[in-house]
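Input: structures, listed below.
Two complexes follow with subunit A in common, the first pairing it with subunit B and the second with subunit C.
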Partner chain A sequence: MTQLILFNITNGLIIGAFYVLMALGLSLILNLSNVINFAHGGFLVIGGYIAYTITPYVGFWGALVVAPLFTAGLGLLVERVLIRQVYGRDPLYSLLLTFGLAFIIEDGTRFIWGAQGKPVTVPAILAQPLSYEFFFLTGYRLFMVAMVVLAVALLFVMLRYTRLGIRIRAGTLDLETVAAMGINVQMLRSLNFAAGIYLAGLSGVLAAGQLGLEPTMGTGLLMPSFIAIIVGGVGSLTGTLIGGLLIGVASGVTAVFLPAASEAIMYVLMAVILLLRPRGLLGEEGMLT
Partner chain B sequence: MPMPGIAGRFDRRAVLKGAVALGALGVGSPFIVKARAETPIRIGMVDPLTGVYAAVAQNEVTGAKLAVEQVNAEGGILGRPIELLVEDSANDVGTGVQKARKLIERDQVTFLIGDVNSGVAQAIAQVSNEKKVLHIVSGGHTDTITGSDCKWNVFRVCNTTSMEANSVSELLFNKYGKKWHFITPDYAFGHTLQAAAAADLKKLGGAMTGNELTPLGTSDFSAYLIKARAANPDVVLVLAQGSDMVNCLKQMVQFGLDKQMHVAGLQQELESLEAMPPEARIGIWMFEWYWKQPGVPGVEQFVADIRKMNGGKVPTARHWFGYTSLHTLAGIANQEQSTDAVKLARALGSYELPPEVKLQPNKCYYRAGDHQLMTSAFVGEAQAHGKDDPEDLFRVDQVIAGDKTAPAESATGCKLQWPA
Partner chain C sequence: MSTAGSARKLAPLAIIWTALLLAPYWMPPLGGYAALGTRILVLALAAMSVNFLLGFTGILSFGHAAYFGLGAYGAGLALKFLAPSTPLALLCGMLLGGVAGALLGSLIVRRRGVYFAMVTIAFGQVFYYIAFQWSSLTGGDDGLRGFTRQPLDFGLFSIDILSNADAFYYFVLVCFAVVVALMGFILRSPFGRTMIALRENERRARFLGIAVERHIWIAFTLSCFFMGLAGALYALVNNFADPRGLHYSQSGDFVMMAVMGGMRNFWGPLLGAAVFVALQDYLSSITINWMSFVGLLFVLMVLFFPRGLLGFIQRKSEA
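Right after this comes the complex of A and B.
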């Protein structure tokens, strides 16, 4: 039993890492632009389908590079045409807009690629378990974790050390002052939105290799990402990171004892955290990371 | 890196409200397909056009549409054209019931078809029964629909879960071993399918090492697979369907579990096999209908007709379910020269499908005692690649007649209560 629990903790960390990637993208957009992006799962799906479409021409590795960039480009377009219109308004506007957008993306995906799932094959070198005992540690799952670690590290370096990152952080603190200092806030929001969507696109490509690709896959992956943000604390990227890993592990361990509750445990965890610490784990005012 | 003020502008409550709204995504506004004609006989069809069963549901609709074209070309029902009204149940019981009521009460449909999801099918059967509308369950398999919860007005085209288990259990036992572990979707269909297979296993003298109940829409099966392997079974039977099955088989193969134990299942569908990478197309299964049946009358024409409507792709069992459901209603109404639900339901009790509809070698008929269609099981093995056609992903080894796999009428628990 101890071995089973340890297996599931490790497994939960792997799953949690994936939630982190999704949640960080959501969190970026939420923090700077006050937009709860319900269409984030839709962009994940788009990333996956683009990867599926271009893989025959550029291979898996090419798709891993191109598909998230293409998705980010699409996100930039959506931000400029749609999302920008609701900045500064009641958050309900952006909520409804992205909610509708999620439906449009899902049906659009179904219209273009069909309702039937699509097979995505990962490179043979990644498709094998690393050992007989730890069979769930496949090359691909560890590759996913490595990609998440890399993306998170790059994101944190960008936010801390680059001019763009410092402006984004400043913008999350006080956007008006940032604007008063002559910084193009519209551009800042656009780039930040595109960065968030890039993470969604990357999640989509990685998910396509692990799961079956189908138009509704984003919806199921979006909810844990929201929970990760709430558990970690709105406004804290480090909190999001911890929140994602925590719900992954909780879900994995629960599956050992009570499989039917493995999904519900995420909500229970969220409720407990909110009761004990309403701001989430690291969601104190004055904390970003 | 401090970031004060964020919680103030878009606080936790707003995020929570958003999360609640997100939950509504799954039951959101449906996709509606409608066809119009003059002085028609309306047939309502409720199927999950969105969600995890969207692909199979859309194929059922396509099959029904082909049947509508054929029946209308031959004069329709009692000289009136058929109008097919399709509603999306969104894989949700509440939505399905609401759509069934809308079709019956507002659109005044004469007959009802649906649903893929057993839970939804069972729920809308309550509605059709209350409204005395002849109803054919096209693709919901759980036993009780034509068993303990059977109704005078409800008939079923697809196999029951017991029929599915009975068709393949012995072969699985003889070929793969006596210790079975189940990955079961946690709703009506999964429960009865697992129970039927477990009962067969017990009769054969085998033992169950465990049963993992997985919520519908599970994307990551690793936690369940860790438990399954720890139980050390001879075979893991994947009972999940649709994208859940695709995810599960894909992950089992990535984990190398297919090299450590057998991987198979009971019900398999072409839609699922096509959505998997070739290496995941493994194991013994049963199909409820298969497109490659050399020499069986009508099959070649049906394949050609569906290819025309389906972007060149071959028909699946789901196309046949939709096609057969609609042809059954049209056939019996024209035979009896009536649309009276009670009269037609009584007549259907001894109705045998004609060759151009049954599209299989064995006799195919509705049983009077439980209203279940005695349709064949196509038992065989999944193939990584098609030999002559890229969609030939299943090798049929035997076609077993429905009355060989179905439990006796007396054993189904069905007691039909006819209206006074």
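Right after this comes the complex of A and C.
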């Protein structure tokens, strides 16, 4: 029993870490540009499939580096051509735009790579279990968590100490003032969007090794990220981090006792948070309300 | 009001209702079929319910498919387990959608803008998961089957809406007319004017002493009741309730219909639904990549026709 609970908590943490990575990307874009990126799951899928395609040439490690960058580049292109048109307009339009984009990406993926799921093999060194008692701790799972921790740490360092990061944070609070200080806000939004999509691409590569690849996988992973943001509080990246881990663990623990409710518990958690603390755990009152 | 002014107002109404009343006669020659007309009517009702909130209160709910789907399941379950009665099914569907909307609405009316949209999406998905997981009651992924709409029994005579497609179309049209009249009536009432005031300037409305949250909650709940009825009708159209009818992508379709037709216009969503459904029907018959085309349609609408078809036409005629 202890082992089972431990197994599910670990599982929850791993899945939570994954939600975090995805939700942080969404959150970055939402905070600065006030755009809910419905196509985020689509970019995740693109990242995964690109990794799948280039792995035979550059190997797993090469794909891990190249695929997210390539996805981010694609994100930059999409931002320049499409997303830019809806900044400052009613959020309705950015929702519809990215919604349509998600359709196109899902269908395009199916067109290019086929509707059948693709298995993805990870390097042998990562695939074996680390201990026989705790069989579930495969090297790949620990590796995933390590990658997430690394990515999150780099993101927070970037936001805290680099000029770009400071501008992004300032822009989140008051974009108009940032623009008035002579900072190129368009460029800031583009880079910020690309950073968010980079995280989506990275999530895609990591997810591919664990879950395999399917054109529809992005949609299923999008909703937990939304909940992570709402639970953590809109406007706070730390909140998103906590929110993602929280719903991951909650659904992991629930899976022990009531497997059918493991998905529902996230929504219950969200309802409770909205009831007791409408702004979310670390959300600022007045942000995007 | 001058006679010319009222004539200009009445002419579109006359055209719309004539077209709707005669649909079973003019649609088949154009390649349509009666069931397509019925589906358009039901989805138009849903889109108009979304627009009741979006276009007239300025509140964007991106999770309204949940209440639509609840209506469908409510109607289906009532027919299957309660009693074989079409009016009862409609009532049950409407109540299920509306009550769920009233309860969740109270949790979310304080949020605005993007945040509101996000919370409505997330809560909408709850019902999708319930319908998906609770297979013993809802049939899970396969959807709820095993019920059929029942003939309308008026004691002296009965109308067979089950096998007569035209009769069913007119039944749906009557329901549509009643709900649309009710919507129009509400929008003309002081309450409706308050909704529009909230859309135009929420802060000023608050300064005037209007209970903003309560008004938004009432508008949200009303719209969910309408949505539930539309969903119940949809279950009768298909004799089937589909969990995908609760999914947020369905919500996106409804919002798109409203925006595509023109969300500042009362009849916009009807036009939007007609174009959207006909186009989707046509595209899915000629290509397996219809999803890309629908997605492209979303993108193009947002970029080039943000005011929708009616907004575009009105602007052209004014210029």
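Basically, the second predicted complex is superposed on the first by the 282 of 289 C-alpha atoms of A that agree within 3 Å, B and C clash if a C-alpha of one lies under 4 Å from a C-alpha of the other, contacts with A are read in each partner's own complex, and residues count from 1 in each chain.
We adopt the following convention: a residue touches a chain if its C-beta (ideal position, glycine included) is under 8 Å from a C-beta of that chain, and two chains touch if they have at least 3 such contacts.
Computed from a predicted structure; not experimentally measured.
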Once the structures are superposed on A, label A:A271 by its partner contacts, choosing first (subunit B), second (subunit C), both or neither. second
Have a look at where A:G88 lands relative to subunit B and subunit C in the superposition and call it first, second, both or neither. neither
Subunit B versus subunit C as contact partner of A:L97, first or second or both or neither: second
Subunit A residues touched - subunit C or subunit B, whichever exceeds: B
Answer with first, second, both or neither: which of subunit B and subunit C does A:S236 touch in the superposed model? first
First (subunit B), second (subunit C), both or neither touched by A:E263: both
Regarding the shared-chain residue A:D107, is it in contact with subunit B (first), subunit C (second), both, or neither? both
Could you tell me if A:N34 is touching subunit B, subunit C, both of them or neither one (first, second, both, neither)? both
Once the shared chain is lined up, is A:N8 touching subunit B (first), subunit C (second), both, or neither of them? first
Between subunit B (first) and subunit C (second), which does A:P123 come into contact with in this model arrangement: first, second, both, or neither? neither
Jot down the residues of subunit A that show up as touching in both complexes, subunit B in one and subunit C in the other. 30, 34, 36, 38, 91, 95, 99, 102-103, 106-107, 219, 223, 226-227, 229-230, 234, 260, 263, 274, 278, 288-289
Subunit A residues within the subunit C interface of the complex: 30, 34-36, 38, 82, 85-86, 89-93, 95-97, 99-104, 106-108, 111, 219, 223, 226-227, 229-230, 234, 260, 263-264, 267, 270-271, 274-275, 278, 288-289
The subunit C residues in contact with subunit A across the complex are 54, 60, 62, 107-108, 110-115, 117-119, 121-123, 125-126, 129-130, 133, 248-249, 252, 255-256, 259, 289, 291-292, 294-299, 301-303, 306
Touching residues (chain side subunit B, partner subunit A) in the complex: 1-12, 14-19, 21-23, 25-26, 28-29, 31, 49-52, 54-55, 57-58, 186, 212-215, 217, 219-220, 222-227, 229-230, 243, 246-247, 250-251, 253-257, 260, 271-272, 274-280
Which subunit A residues qualify as touching subunit B in the complex? 3-4, 7-8, 11-12, 14-15, 30-31, 34, 36, 38, 91, 95, 99, 102-103, 106-107, 110, 114-122, 127-129, 132, 135-136, 138, 140-141, 159-160, 169, 172-174, 210-217, 219-223, 226-227, 229-230, 234-236, 251-252, 255-256, 259-260, 262-263, 274, 278-280, 283, 285-289
